[in-house]
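Okay, so chain A shows up in both of these, paired with chain B first and chain C after.
Coming up: the complex of A and B.
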């Protein structure tokens, strides 16, 4: 990860303030949240129509993922062998830099000047677009949200809705500029027309690009296929029109069988967009065969570690179950206050608060595991039952174990815990604190500015209801 | 039955009336209620901060002083969750303390779930003239599965009507140290909660965790809402004011 990226992660707290003051972002987020939550709720409720139960299904999904992770090397070997048997090439990348190097090499080998991309968060980990551009290859994002984000020179702020932070007016301004036409007033009714406009531009790119780059939602070991779950149809173009198709995905994405895929597909679209199935489900196996009307002449898988193997057998292995549905961020009160860019790296929301420290270094993202109310709305909706709050908690413990917390915080906690271990002294101190708070409230029942918790009173009062502690009043009452 | 009332450090310092209300409710069940003298804090702030050693020390202290009771009742889902769910895992590798932690965990109850599921007591339901909207606190709801209990109890209060707010299961943004470390983010979250409370058009917002309530009350007042009352469910159920 670049030095700039690192600095961004470190600055979560300041960045949060900036995001809270961004009126356009706040409007976009307020609009999106009920849509995400409502659609997922409907999708999960619809399981009952098929006689399925969410809790049962997610325990099955969790078992599939756990079972695979327990023998990950074996399933990857099987995948590699089967994929090669279909005519695909399988490459391995240790980190993001190696991904970029491999893709640029492939592009040079096949004389590629333009690459169309279907959304891949792993290519964000690798900062692949920068590497391609530097090598003189033009990367064109073709997922509508990614296309918008690329035009704006930004990164995705959500793993399945990359441009969720943008308002229609902002998108219109980008389109007018990029497509060389006058600015118009747009409402949500114009979204289909705007999508059509992007589609017309993108079609030319699909037809002229020599290489398609996509991610994969899953790798199916038994068939050597990549499974791709999309809604816009661009994924099909990217993976079938150009002569070379490169699939970049994490090593943890492999699952054993098509049967397992069917099970996980009951969970993924419903958790992501509330759909019982996405508009397109593609199983990409091998290269174009004789008699096929389309398909790439060359299919290359790049299977990426970038920190994943380190999580195997660690306290954080559960995180590798993640199927990237986005439900955790869609139900996160912190995410929907700030949007994804506040998190500073590729993955936002609760899953990002776990993955960013693990993939970029715990010391580089000290705030993230603390940027949680502990509400567990994420854990409750996770389709593979990842205990996200527990993983964030474990990261906070590790920060303590490695001496990464500020001395002031450690000292304050030590002093408080020491005091809490001495009930008589504790009573004496809390009595004084109650008097002090009451004095600050000065008969108004509230404190408006409190120097010991300035961030608290910046946004709200501190209600004060009594100048006496419970234990003080209780012992007085017992004596009478 | 010999009960311990664990009042929580927040109730002790910030709102003693909640402790007395809980005491009256528990005494009304006919049980012998004791307020163990040495109680201070369950240690959740240390645990949340990731300081395992301090959390372990305070957990052992609480286990020792609460071990001899038939049941421990806490007017807070958050602290009850700490004892029920966190203590056993915190001490899981300690051969001496693990069984004690588990024994205490199963005997520890959040107030409303104790009243409904354990004591099953009828009490002289008080009167509350007005409407209330109930905020489900995160730890109580998602940690302990408390949802129907407070509503069952509230509906027994004469004159009370329940007006559910939109998204009553959404976090209020308190999160303990979170609201102090990330105050501005917390304010944004509690603002959405206040919008929901205002939309419910109830006379009072009621909850089972003082942390959330202080956060909500503080924000409502700062927004200029001086009329919506913010009450702990124990205060509503015990009726009247006192002490």
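Coming up: the complex of A and C.
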């Protein structure tokens, strides 16, 4: 990770304030949230019409992922053997820098001057576009959202809706500049025309690029295939037209069989966009066959570690089940207050708050595991049942164990631990605190300005539940 | 050490289990008897279900009794939508009498200028209203991808209940996977500008299905 990226992660707290004051961003987020939540709810509800139960389906999905991770060395070996047998090449990369080096080498080997890309979050981890541009190869993002973000010189703010933070006026300004035409006033009625405009421009790129770069939603060990799920069809273009296809994907993405894939496909699109299936689901196996008129002459897989293997067997192994649907961020009050860029690295929302410290260093992202209300909406909607709040909690514990928290916080925790071990004193102190808070609230049940932590009450009141402690209420209730 | 060696060593340490050879043999054996996850209850009317789901995903559907009626149905669709009577087609539908319906159909891979692509399909899935197309010398993937309009001929005898059933059919009839298996569910779409759904992103804007044997 670059020094700039690291500095951004460290500044989560400052950036949060800036994002809250960004009116355009706040408008975009307010519009998006109910759509994301509503679509998923409808998609999940539709399972019942077919006699399927979400909990049962997700426990099956979870088991598929757990089973694969338990023997990941074996499944990677089988995938590699079978992918090679279909004529694909399989390369491995320890980190992002190695990914970039391999892709640039491949581009040079095949005389590539332009690469069209279907969405790949791993290429963001590797900062691949910068590396390609530096080597004189033009990377063109072809997912409409990614294209917008690339024109803006930004990074995606959401893993499945990269430009969710952009308003229509901002998109129009980018299109007018890039497509060399006068700026127009646009309303939502113009969105189809704008999509059409991008389609025409990107079509020419698809037809002229020598290399296609994609991620993979899954790798299927049984057949040595990459599975690619898109709605726009750019995934099909990128893997059908250019003469070279490079698949960049994490080592944790492998699953055993086509049947496992079918099960996970009942979970992934529903959790992401509420769709029962995405418009295009492609299984790509090997290279152009004898007599074929289309398809790449060369298919190369790059299997990437970049911190993943270290999670195996650790307290954080559950995170490797992630199938990148985005449901956790779509249901996160923190994400929808700030947008994805506040998180400072590739992955936003709850999954990002876990992955960023694990992949870039716990000491480099101290704020992120605290960027949570503890509401567990993310855990409840996760299609593979990742206990996201518990993983964030474990990261906070680790920060404390490693002395990475401020001395005042550590001292306060130590004082609390000491007090909690002395029941009589604990009850005496908490009684005093409850009375004090009640006095501050002045019988209204709300504290308007809380002097000990003024930030808490800067934009809201602190509710006070009762003038009596839980212990007092409990013993009073036992007596009646 | 090579990147491969490094990574697999780290993975092995993380997995923390011995007997690689034994576990690998067990994994290979498990592949042969792949079990299915929870299956949806689709009911007996696969054609009705397929049609309803395909229409829900913004495909249009007409039914004809026999394959011979397909060209007339295609011609009627193109006319009704103000589209020209020219198309590119895959070889699996080349045998039909397109000329009789005054259609000019070229059997070849599609190019950018082609406005309409006509294809068959390997099978179709009732659960989601999805087509399953296989790439191959006779069935180039570009025909269902580059033109703005994709018309697919679907024999109702090829409609199966689920994706698992489609894989079973593929294993039985082909044995192995072609370069590309493409599951297509309606026209391409994007929601990337202000979450507003637009049909026709990079793939076809219109998908029209001719159900053969259902009328």
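Definition applied: the second predicted complex is superposed on the first by the 424 of 480 C-alpha atoms of A that agree within 3 Å, B and C clash if a C-alpha of one lies under 4 Å from a C-alpha of the other, contacts with A are read in each partner's own complex, and residues count from 1 in each chain.
In this section, contacts are C-beta pairs under 8 Å (C-beta built on N, C-alpha and C of every residue); 3 or more make two chains touch, one makes a residue touch a chain.
Please read all numbers here as calculations on a predicted model, not as lab measurements.
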item: Partner chain in contact with A:192 - chain B first, chain C second, else both or neither; value: second
item: Touched partner set for A:168, first chain B, second chain C, both or neither; value: second
item: Chain B versus chain C as contact partner of A:113, first or second or both or neither; value: neither
item: Partner chain(s) touched by A:466 [first = chain B, second = chain C, both, neither]; value: first
item: Greater residue coverage of chain A in the superposed arrangement, chain B or chain C; value: C
item: Which of chain B and chain C A:208 touches, first, second, both or neither; value: neither
item: Overlap of the chain B and chain C footprints on chain A, listed as residue numbers; value: none
item: Chain B residues within the chain A interface of the complex; value: 7, 9, 11-17, 19-20, 35, 37-41, 43, 45-52, 54, 57-58, 61, 138-139, 142-143, 169-171, 173-190, 192, 214-215, 217-219, 221-222, 230, 243
item: Touching residues on chain A, where the partner in the complex is chain C; value: 28, 31-32, 35-36, 47, 50-53, 56-57, 60-61, 64, 69-78, 91-94, 98, 142-145, 148, 161-164, 166-168, 171, 188, 191-192, 194-196, 199, 202-203, 206-207, 221-223, 225, 231-234, 236-237, 239-241, 251, 256-263, 265-266, 273, 276-295, 303, 305, 309-314, 317
item: Sites on chain C touched by chain A in the complex; value: 2-4, 6-8, 10-17, 20, 23-24, 27-28, 30-31, 34-38, 40-42, 53, 57, 108-109, 112, 127-128, 130, 135-137, 140-142, 145, 162-164, 167, 176-196, 198, 200-204
item: Contact set on chain A toward chain B in their complex; value: 13, 16-17, 20, 333-334, 337-338, 369-377, 379-380, 393, 395-401, 405, 409-410, 413-414, 416-417, 419-421, 423, 426, 430, 433-434, 437, 446, 453-456, 458-466, 468-471, 473-474, 477
